[in-house]
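Two complexes come next, and they have one chain in common, chain A, joined by chain B in the first and chain C in the second.
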Partner chain A sequence: MYHRAYGIIETLAPLHVGASAGEETGNLNLIFRDQFTQTGIIPGSSIRGRFRADMRLRRQQHLEASLKAAGVDLPAATARKVSSPEDPKKRLPRLEWLEQEAEKQSISVPELVNENHWYGHHAVTGQEDGGTTEALVKFEYASLVWIPVFCPGQPVVWVSCPRLLRRYKQITGKPEPVLRPKAAADGQPKQYPVKLREHRDRLFFNLGFLDNLAETPDLSNWVPKDSQIQPDNLVVVDDQDISIIHDMALYRQTRTKLEDDVKKVENFFGFEALPEDSILIFPIAVKDSVPHYDRASDASADGSARWKPFKNRTLRELYFGGLESIGCGHCEVTLAGDYFGDTPDDADA
Partner chain B sequence: MGWQAYGLDREAQWLVLQALDIDNDKDIKGDACLRESYKMRESVAYGLERFWGEHMRHQGKQEKKSRYWKATWDILANILGPADVTLPNDSDPKAMAQKLWGEIPVDSSGKMLTLEDQRLALAVLTQLCDCLVWWTQRYK
Partner chain C sequence: MSTLTDAANKVPLMFRAQVEGRCQVQRLIPKALEQDAERWADEWVDKAYPDAPNFGKDVQTRPYALSWRFITNSGQDDGVIRPVIGARGWPFYPGSSMKGVFRQAAHQLERAGELKLGTCDRYCGEKLENNDFRPGILRFHGGYPTDTRWTQNLVDIVHPQQQWQVKSNDKEGGAFIQISLYKPELIVGISSTTPLDDLEWEQIWHIWETALSLGLGCRVSAGYGQPQQRSGDILYRTRLKGQGQAAKLVDGTGEFRPNVFRAAIRGHALRIFGGLTNADQAEGLVQDLFGGIRGGATVGLLSMAFLDTQLELDDFGQGSYSQPTYTVEGELLWRLTRDLPQPQRQALTKLIEALTRFAMVFGGFGKSWRRADHRLVYPDYYDQGYKPLIGCHWEWLGKRSQVRDVRVRKLEKVGDFIAEVRQAAKEWMQLQTRTPQLDTHANWREAWHPDKVQVWGRETDGLEDCEAVRWLHGPYREAIPSVGIPEGSIYRSSITGQMGNVGRLWHRMYPKVRLVKDPENPKKPMPLVTRQYFELVTVFPDDSVESEQLLGFLNGQQTLFKKLWPMPRH
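What follows is the complex of A and B.
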């Protein structure tokens, strides 16, 4: 039914996906969390929204280029609203204006850059069932794989837990068993798998510390192989301990909105975000009516369109979430998996 | 044991309640020590030595404040004990200075306070003071 694919997100700036300042003025803007581990997530709808918006821009660019080639006078590039040709008093969004003109010129949009084709058509009034269609590409939420945490007096460590690693394994098809803290046979305290740059027997955090660390060299196999950051300080903690460590790791700020004419605080708001250098993963399902995408040959047998959101690349910088204008959301996304012609991890062995 | 929390909130709440009791007791005649927590949070930026020095500065003049600062230091030392960091706790400023700078051993075991220990102690003290400020806001 579906080709399997997945995306790896590495945050290059703090990432805030949750309530935004406008929605909860004067409050704390929290991120969305997974209900079991209480760690940050990006909902599938937010991921789809980002992909849809990016492809919509490509469709708009396509329409503009085609109309220009057909000799149509385009409105100024920065004009967001354009007067309707039929009724000059009616102001249309730029894209809608372009669509109308394209229809007159019988210019069609190739499926490759049609976001409604891949991500499902949005509801339109006056059509049966709102004119919606099923998406050909489906996204699930992104969960953390590794989150960096500040350790006073020690290097930063990236932390994960068995539950998060299990999801990573499910999505990537990694063959190895999930690493988890193990209780020693004689009922001794649990040993925590770690890979640390310098051998240490404990790790300190702001609110507590971890001891009984067990050196585990192959832990670095759990870092996505194309990851840009390649952390060499890793630790796997219990599922019930990840939430407090995650809370220590979050990027938090209190901000103020000043009044427009005087330097007086109008309201306060605080926000939290996943720190930069966090690694997340999300599954993607591509309906198998879409031909398999082979990067090397870049052609499908029947000439039908394939889903290539980043054109011929699999790595792109994208912005996710809110508070973009104040420095949040810059991420690097790598697409991988079966659909993109990747061999599963076990094929390497 | 694995993950071990320092229990900072509990300690901070206890400290703030103590300060509140002193301030409320007419017989003890406090020096309004409740709000010292804000000064404590400010002073951690200047390091362990100066934080410890503040209780010396208040000594003999504002005894209640001095005791609040010292109690906070004592609790920090207690918290760091299980983490195997021995925080010096002398009454002699000269010995304290040398121990805090890692020039002489902190105790008879011959252990020195390393730079890593100092950074850890300061990070925990910062968090503890954040907790103190939070509880002070709650009770004032």
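What follows is the complex of A and C.
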């Protein structure tokens, strides 16, 4: 039914997906969390929205280029709304204007850049079922794989827990069993799998010290292989402990609204975000009516369109979540998995 | 989960409660072997990543050096001002702050007609009707230091001392610690959601640089977060050079802190206004100029920056008297923080010029500013071995300042100069609809009113030809037992002051700079720095016997010094 694929997200800036600033004035704007581990997630709808918006821009660019080639005068690049040719009083959004003009010129949009084709047609008034269609590409929420924790006096450590690693394993098809903290013997304190660059006998977190560290070099196999950030300090904690450590890791900032003409605080509010250098994963299902995408040959047997959201690349910088204008949400996304012609992690090893 | 012994005391300070015995970053504990703030800072920088975070490919960046310290309050710990900590443990200038000042600058440039209306909305977003919002096209990524120099000199001591310097001997507060970055170079990033051409990027960076000229972060009016470039709405600038005692950081090393200029000039503003009206009004006027927290926080009209062109730190003295010292040259800038109507702008310019010149004529800046530098005026003093460093010495630097800012070229001009300063203050008061009341004054030790202060002076042949310095360390008058005149001395009295007690006498050696004809350009005057100095003694008499005797001595028993102010009525 489906080709399997997945995306790895590495945050280059704090990532805030949740209530947007202003909706909870005076409060901390929280991020969305997974209900079991209480760790930050990006909902599938946000991921789909991002991919849809990106391709919509590509469709718009395609329409503009085609109309220009057909000799149609385009409105100024900064004009967001354009007068309708039929009724000059009616102001149309730019894209709608372009669509109307393209129809007049019989310009069609190739499937490759048609977001409605891949991600489901948006609702249109007056049509049966609202004119919506089933998406050919489906996204699930992104969960954390590793979250970096900075604590003064110790190196930055990337933390995960068995539950998060299990989802990573499910999505990537990783064959190895999930690593978890284990008691060496009855009544003994648990040993925590770690991979540390320099030897340490304890790590501090806001729930106390972990001082029974079990050096586990294999742990680095649980870092996505194409990761840009290469964490070299890793630790796996219990499922019930990740939430409070996650709390310590979050980026938090108090923001102030200043008065318009003088540098004086008018209002305070704050937000939290996943910190830079976090690693998340999300599954993608591509309907098998879409031909397999082979990066090497870049062709399908029957010549039909393939889903290539990043054109011929699998890595791209994208923005997720809110507060983009103040530098949040800047991420690097790598697409991988079966659909993209990848073998499962370590399957060849 | 842990079997660690004494675990509570191994917890990093950042994760401890701000209570006594656990961690108090803002508190300076006298004579403590190590301050919590130092340990806190050490723990912070110890394992922060060695390389700076980067912004990614599609972000445009530019580096900016700041002239002195820089602080943005994270708001994370109660009662402590410390930076936001971003990726890899590096201090971070948040994108939200960056967007805030950018928007403010863009608005300002729109109002001034330098930018097309609507540019700010295009870049930063705008509110639409029906409560909708349209996002702008720019993203502000904030800033990081460009290299690991930020890990040095993080601990910053702040001493509030206006009360003590001007009004009475009651100290307020003592010293507080904050954590700030010392002369950082920050790289900041901006990106756009749509491709922009180079011309538009130039415009965007121009707006950002306008914003930067207002200063970044907090405490900008005190010289924090000021860019190492001259920009902004500059009211007055001048060049100075000076030497004196450097402020001591917690670890005992010295630092030249440009906020000494602001502190001194703010203090003089209080003294001058305090001589023209009551205490309450004077404080209100000063708060409007320099900002403050009386009756709600006010942002001052004036912000200051000092861009040093030469700075050397050294040590002077032996053993426990050893003190860090500075010699510094640079440009002092006073900027206007918001638009003012033209007449007020002119009056304010005159006022800040007058106050800066006043500070130069009668004292100096920084520690021990009430005394002439004993290394220059009384070198013998240090021959006696273990003696504390006393005083500072400041001069105008460069032709422009020596022509424009030297108002006292003759001893007799001192009285006129004071009148000029008071006049500038009166004019400003009138524009603020406050009426100067010449018969009242604030009840402070150093209100500048004819009933409260006297200025005496003489011309000297050189720096070492200094008379009054001896009065500070011994008798100013030998006893003449035959006619029953006892020895006169203010040594160790309320006049000279002691440790913990501010004196009532200022002693200054002000360089005499003449104007001569420039042989190459006879129409333009040229400054000539002479060997001579004006030795100026400013006394705020109290009702002590020593005070009365000193005034008697000045008035009747000596001929070296002339009374310069208040001027005798004709």
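By definition in this document, the second predicted complex is superposed on the first by the 337 of 349 C-alpha atoms of A that agree within 3 Å, B and C clash if a C-alpha of one lies under 4 Å from a C-alpha of the other, contacts with A are read in each partner's own complex, and residues count from 1 in each chain.
Operating definition for what follows: a residue touches a chain if its C-beta (ideal position, glycine included) is under 8 Å from a C-beta of that chain, and two chains touch if they have at least 3 such contacts.
Remember, it's a predicted structure, so these values are computed and weren't measured experimentally.
Asker: Chain A superposed: clash or fit between chain B and chain C?
Answerer: On the superposed model, which is not a single observed complex, chain B and chain C clash.
Asker: One more residue to check, A:324. First (chain B), second (chain C), both or neither?
Answerer: Second partner only.
Asker: For A:175, select first, second, both or neither according to whether it touches chain B, chain C, the two together, or no partner.
Answerer: It touches nothing on chain B or chain C.
Asker: Between chain B (first) and chain C (second), which, if any, makes contact with A:276: first, second, both or neither?
Answerer: In the superposition, A:276 touches chain C alone.
Asker: State whether A:78 touches chain B only (first), chain C only (second), both chains, or neither.
Answerer: second
Asker: Under the stated touch criterion, which partner chain does A:131 make contact with: chain B (first), chain C (second), both, or neither?
Answerer: A:131 contacts neither chain B nor chain C.
Asker: Quick one: classify A:244 as touching chain B (first), chain C (second), both or neither.
Answerer: Once the two structures are laid over each other on A, A:244 reaches chain B alone.
Asker: Touch test for A:189: chain B only (first), chain C only (second), both, or neither?
Answerer: Once the two structures are laid over each other on A, A:189 reaches both partners.
Asker: Name the contact category of A:156: first (chain B only), second (chain C only), both, or neither.
Answerer: Touch partner of A:156: chain C, not chain B.
Asker: Between chain B and chain C, which makes contact with more of the residues in chain A?
Answerer: Counting residues of chain A touched by each partner, the higher count goes to C.
Asker: List the residues of chain A that touch chain B in one complex and chain C in the other.
Answerer: Residues common to the chain A contacts of chain C and of chain B are 152-154, 189-190, 202, 204, 206-212, 241, listed in rising order.
Asker: Quick one: in the complex, what on chain A touches chain B?
Answerer: So the residues of chain A touching chain B come out as 152-154, 181, 189-190, 192, 202, 204, 206-212, 237-238, 241, 244-245.
Asker: In their shared complex, at which residues does chain C touch chain A?
Answerer: Those residues of chain C that touch chain A are 1-4, 7, 10-15, 40, 43-44, 46-49, 53, 55-59, 73-76, 84-89, 94-96, 98-100, 104, 107, 122, 124-125, 134-136, 138-142, 189, 193, 214, 220, 297-299, 337-339.
Asker: Considering only the defined contacts, which chain B positions touch chain A in the complex?
Answerer: Of all residues in chain B, those touching chain A are 1-6, 8, 83-84, 115-120, 122-124, 126-127.
Asker: What does chain A use to touch chain C in their complex?
Answerer: Touching chain C: residues 12-14, 78, 80, 150-156, 189-190, 202, 204, 206-212, 241, 251-258, 260-265, 268, 270, 275-277, 317, 319, 323-328, 330, 332 of chain A.
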